[in-house]
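Take a look at these structures.
Heads up, the next two complexes both have chain A, just with different partners, chain B and then chain C.
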Partner chain A sequence: MGSLLIVKDAGYRLLPFRFLRLDDVNDKNILLTAETGEYLLVPETLLNQLVRKELDVSSPIYKDLLARHFIYEPGGHNPIPEMAAQYRSRKGFLLDGPALHIFVVTLRCNHTCQYCQVSRAPQGGAGHDMSAEDARHAANRVFESPSQVLTIEFQGGEPLLAFDCIRQIVETIEAKNELEQRSIQYVITSTLHHLSDTILDFAEQHNIQFSTSLDGPAFLHNANRPTPNKNAYERTVEGIHRVRARLGHDAVSALTTLTSRSLEHPEAIIDEYVAQGFNSISLRPLSPYGFAKSSARRLDYSMSEFIVFYKKALAYLISVNSGGTFLSESYASLLLTNILTPFSSGYVDLRSPLGAGLGTLVYNYDGDVYPSDESRMLLEMGESGLKLGSVRQPLAELLRSPVIELLLTCGIAEALPGCSDCALVPYCGADPIEHFARQGDPVGHRAFSSFCEKNMGLLTHMFAMLRDGDESIQKVLMSWLSRRSLNDLPSAGYRT
Partner chain B sequence: MLRLDTQFTIKNAPQRRLFKIITPQELIEKGVATCAGNAGFEDLMLWLDDIHVTNQHSLMTLPVGGFLLAGKSLNANHFTATTLSTPKDPQVVKPGDVISVGPDSSMVRVLYRRGSNSNLLFMTDRCNSLCLMCSQPPKDIDDRWHIDENLKLIDLIDPGIEQLGISGGEPTLYKDGLLAILAHAKSVLPEKSLHILSNGRLLRDPSWIEALKHVGHKKLTWGIPLYADNAADHDHVVQAPGAFSETMAGLYNLHRAEQHIEIRVVLSKLTTIRLPELAHFIFRNLPFAKHIALMGIENTGLAKKNYKELWIDPADYQEQLSLAAWFLDIRGLTVSIYNLPLCVLDPGLRSFYRQSISDWKNLFIEACHTCAATEFCAGFFKSHSERWQSRNIHPLSREDLIHTQGARYEIA
Partner chain C sequence: MDSTMGWKQTITVDDDAYPLRVVQRVAYALAGNLSILVRQDGKRIDLEISPVLIAGTDASIPSLSEAHKLVLRSLNDFTLRDQIQRETSGLRELLAAAALRGAGI
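Showing the complex of A and B:
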């Protein structure tokens, strides 16, 4: 044992890296990850040689380890400038400030979904819409962010029930943007049941996109989303057609909410997305917020059940893509960007430091400001502790709120217990709000964290696919990474 | 292939200077405005052909700096003006070109050729590296005179949008001269894009950042070679210890100065063995690179001496080339493949292929006579020889072209 502790006079020194045993099915079962997200899959014997300074310095793997900043040669090339450049690429989102601004224009909704992540008020209910004055203040906050690229998202409730409020906000922002000249994208998250020609005219005029929920074929969607006439599916699909006919095929995207019933039908859900001509699908587990938490017993499922479902769905999706239909899974595409590029996808839930507050702000219907959609969902559950302040306060003041300080102290994955040693941390994020919701503690314990279970499960699955998948699987994954048709990818290129 | 120099009979050339060649017609229509920058009549050299024989005498009273007598029946006698006659190769110098003429030699060099794809501001023969495959081995001389020559050349070339190269040797060795040339090109030729070939090593000095920002040339690209993903291999190719670290530092400074960056890789036995790994290194560490050029080797200069260490049949690196090119392309970096004959290229790589060899140094060989693709092919360098020839050289048929390349080539 003692001999292992003797530092040999090898020509190289170690740089900070982490490692993880992926599985025992393959010779290259150890994942090495460097601080900035470079990685190598190696046999366990190599890991031992590496740390014992026994590497063969004339081997190709020695050059790989040098080039990917796992080791360096004292007195030789200094890799720090490259590592600094990589760090800047990966954390570049920090320089931009909040880019996603969510306006909750109303809580009113015509649906009575049991799993609703938000909360809702009856369709004709009063006092649940954003006031014109608060809307004007919120529009001012948007431009106090340094971000030159902004997304303005309208949520509810069903935001189209408060279309006048949407119109006022868009017009206020457009007027201010004549001077500001930022790049702004508007998105309305809606069931599309309340579309009208007036709304479509306005959307066309201001280049507004729609995001809707489509849970699968009619039997699943209607069971998940009860409406008085039991025709939620038919009305949403009709809305999708209307938006496309007017604004173009890609003006509407869809998200899937998965109930335990959904988990039995991965292929039917995917087939529905193919039939409706979507080019991306988002297979998300139920969030622990809103009504979803209180009705957990009837609707919820364990994260391990979700992961089994997700792997099955992903395998089917890949076969659908190999057959010539482009349909990417959004979360897989985000993970691929985090793994295969020096950049972060920028996705709010996979950021470290966290995305809530730093990347996203939510302006609630009552004029309160929250760091994320999820934290206002907590409010509807009776937790008001995560409020940043009011839309009447300047952004700088909102971002100095004690809530932001608390979130930041628990929101840097590289410094969290359980994450700091994890080989997957360069590709993952910190989500103190989810840990607060599920465990009552913004730091949380990884062993009981479904956020951790999900991302560990999906990231290791992705690494195993990148290692073991044949050329046709690689090509599908590369087509998702590059958002290009398989026909444009005669080769998947070098597999790192 | 058209040479860039030829011999003339030269009269009245007391000192070396540049001339813009101009026809009487263009002189009447544009005068000195045919030049992009400040020029006087003394900078113009009038091009006289056989059709001007009857009024040669009166034309030669025009107050221009010189006369080029392209017609055989013209008389070369003029009292003071520089006069060129009886060119060895009459194709080399043409109207619109800028030439250099001096008392020390009957050789006239073309510094700017009207309409060419490869005009170059040549900065120096000196270099701080000694690459194994260098096509123009450096000379240890003081040749600062190139700076003034290039400043004058910029004044005399045509306005217009064609690209202008800046090369050497290592152009950054004359820092102030290079910066002056960039600033002058920006003011005189704002519409021309510039492409500088540099090893980037001296750019590790951070004072370049402010200097380049101050010049603020918006259409300037730096072509910087990188030959390996590790210092030992790169430094060996360029025969300069520490060069890898210096070039990387230079690349980061260029990025800080908001410059456009192209990475160039000359393909040899030494650089193709880890080409996919190099592509990975570039993407991870230099993702801001606008263009990656993967280039066949030019078999001249030091390359000939280092044949054994450098030569690999391109047929034997097509797989590495394909892995590297697609890796970069999928990740959004623009890739070009230069300087390879089309018939040795993996057909799956043709979308990256560019017909690239400068027009003054490419040629075709006997095997090309029946090939349907020469019009799209870079061909060979003029220095081509048999031991640098791939075993896969073969004529392509029209069918090969149509089936493997799609509509772009069907016009053949």
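Showing the complex of A and C:
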């Protein structure tokens, strides 16, 4: 009875929330996160007062906790309807169905990268291209998704080696879209070594974007991506210039693949992106799939080494931005979106329920359908159990696959061991396929999970920067969030 | 003390203060650094703790006193989480149901 009286006297009740110790270097070392994703950084004493119902109801922090849905006053304002609306916004991706459709038009490639995560076949190899019939079926699957906004991504191998297949798919989709009227974005993921005027004409006609890989300056890129003439860097940079000259500066973006050699050169990699005029860089660790796993002994590194690299690179990147050059780190931008806005970034890896299958479908060159790029990479390692079915089956049937059921049982972070207690879960995701690849178990153990180590490391670093960063750091982070340069950021308050 | 395994210690707690479900969550959360064997005998719960030693890793091994502090802190943190969970039981489901209803599902 005693505790009940205290609860009644306190005048407030708890709403579901989680907490996490960030570090011991700052007084506000406890991160509180509400179910809706709102957060507060508070001292440990306040956490205890909060739970024991000892808060001063006239204090500013009490009002903050009330406004951010950590507590409510029985008989007062009912917080559930507005919390439900916030929750719906944060999980809005669930209602859209698969929006990212990846077409693996060929496995053929001219590179022989040791770390390659997607597997490949020789450039002139036969039997590794998507057939015209499978391409037609796959194009039909796209429109069975309810999503009004669709991204069609072409991957390989090197997809430009199968340009006729790309042409067929785009033309089929465009013809269907005359009636459907969806918003469709096309992206070709390519080394850009096989660009031609014909390809650029077609890309211009259909508003196709390119995504390429640029691993840093020539010495790094060429070491990572061997070609017979040892000129992968020069050919990719030439391709970037050709795309920009024809389709505009922003028609090509780039991703960085980091080998252990790359970890020694964060500044050089960033300087290369500045020199090439990109406004975004993606610093991503090697994946555990495909050839990347089998050559791990030579090229791999621990996630803790990656996190050290990432923090160093981010500090340099912030100094570059403070100096007037806009270059955002794309994963940091996604995390900031998840932390600081009521919406999810929509990024497939940071979704819960998981993005594989529910947000993404992959149509492999052989007509098989997979829930994500990673699951078809596992196929190239001999694991075929994650196949949903064939492009000839309707989408509804593919999504009723036992694989989807399995992934869903392991793909809701809020219900997973470890994640269910983690204050970072509103901003993170579930990745059963990576856990299956690394631990042989789609649930996985968080204490041994690279996915968890990476996202814990980067998210806590973001919160520490939001808490401790000076004005210049805060401004750079806001510019990444809003995708505007510092000069274009609106100033708070009145201008004179 | 086992010289080949670094060290070993046992922390004993009362089930009324630290229920088994809390102790099990602590053992799970710290599994990357500490190996914790849990034994229950009536109200008494023993946590037999030793450092995790994985060959070829450069992870530093927590000392006996660091581990003691970490386990006690985790026991208290997870007890607090358990209290929050019990007090807000059913609200997450209520929230999810309201969110789905608002989406017409």
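We take it that the second predicted complex is superposed on the first by the 481 of 496 C-alpha atoms of A that agree within 3 Å, B and C clash if a C-alpha of one lies under 4 Å from a C-alpha of the other, contacts with A are read in each partner's own complex, and residues count from 1 in each chain.
FYI, a residue touches a chain if its C-beta (ideal position, glycine included) is under 8 Å from a C-beta of that chain, and two chains touch if they have at least 3 such contacts.
Small disclaimer: the values here were computed from a predicted structure and weren't measured.
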Fit or clash between chain C and chain B when superposed on chain A: fit
Which of chain B and chain C A:81 touches, first, second, both or neither: both
Contacts of A:21 with chain B and chain C, given as first, second, both or neither: second
Which superposed partner A:184 touches (first chain B, second chain C, both, neither): neither
Contacts of A:481 with chain B and chain C, given as first, second, both or neither: first
Touched partner set for A:340, first chain B, second chain C, both or neither: first
Which superposed partner A:447 touches (first chain B, second chain C, both, neither): second
First, second, both or neither for A:489, with chain B first and chain C second: first
Touched partner set for A:63, first chain B, second chain C, both or neither: first
Overlay on chain A, chain C to chain B nearest C-alpha distance, Å: 9
Intersection of chain A interface sets (partners chain B, chain C): 81, 85
Footprint of chain A on chain B - complex, ascending: 229-233, 244-245, 248-249, 252, 274, 276-277, 279-281, 283-287, 322-332, 348
Residue ranges of chain A touching chain C (in the complex, touch as defined): 13-19, 21, 35, 47-48, 51, 80-81, 83-85, 87-88, 91, 95, 302, 414, 417-418, 421, 445-448
Residue ranges of chain A in contact with chain B within the complex: 38, 60, 63-64, 66-68, 76-78, 81-82, 85-86, 89, 340-343, 478, 481-482, 484, 489-494, 496
Touching residues (chain side chain C, partner chain A) in the complex: 25, 28-33, 57-58, 77-78, 80-81, 83-85, 87-88, 91-92, 94-96, 98-99, 101-103
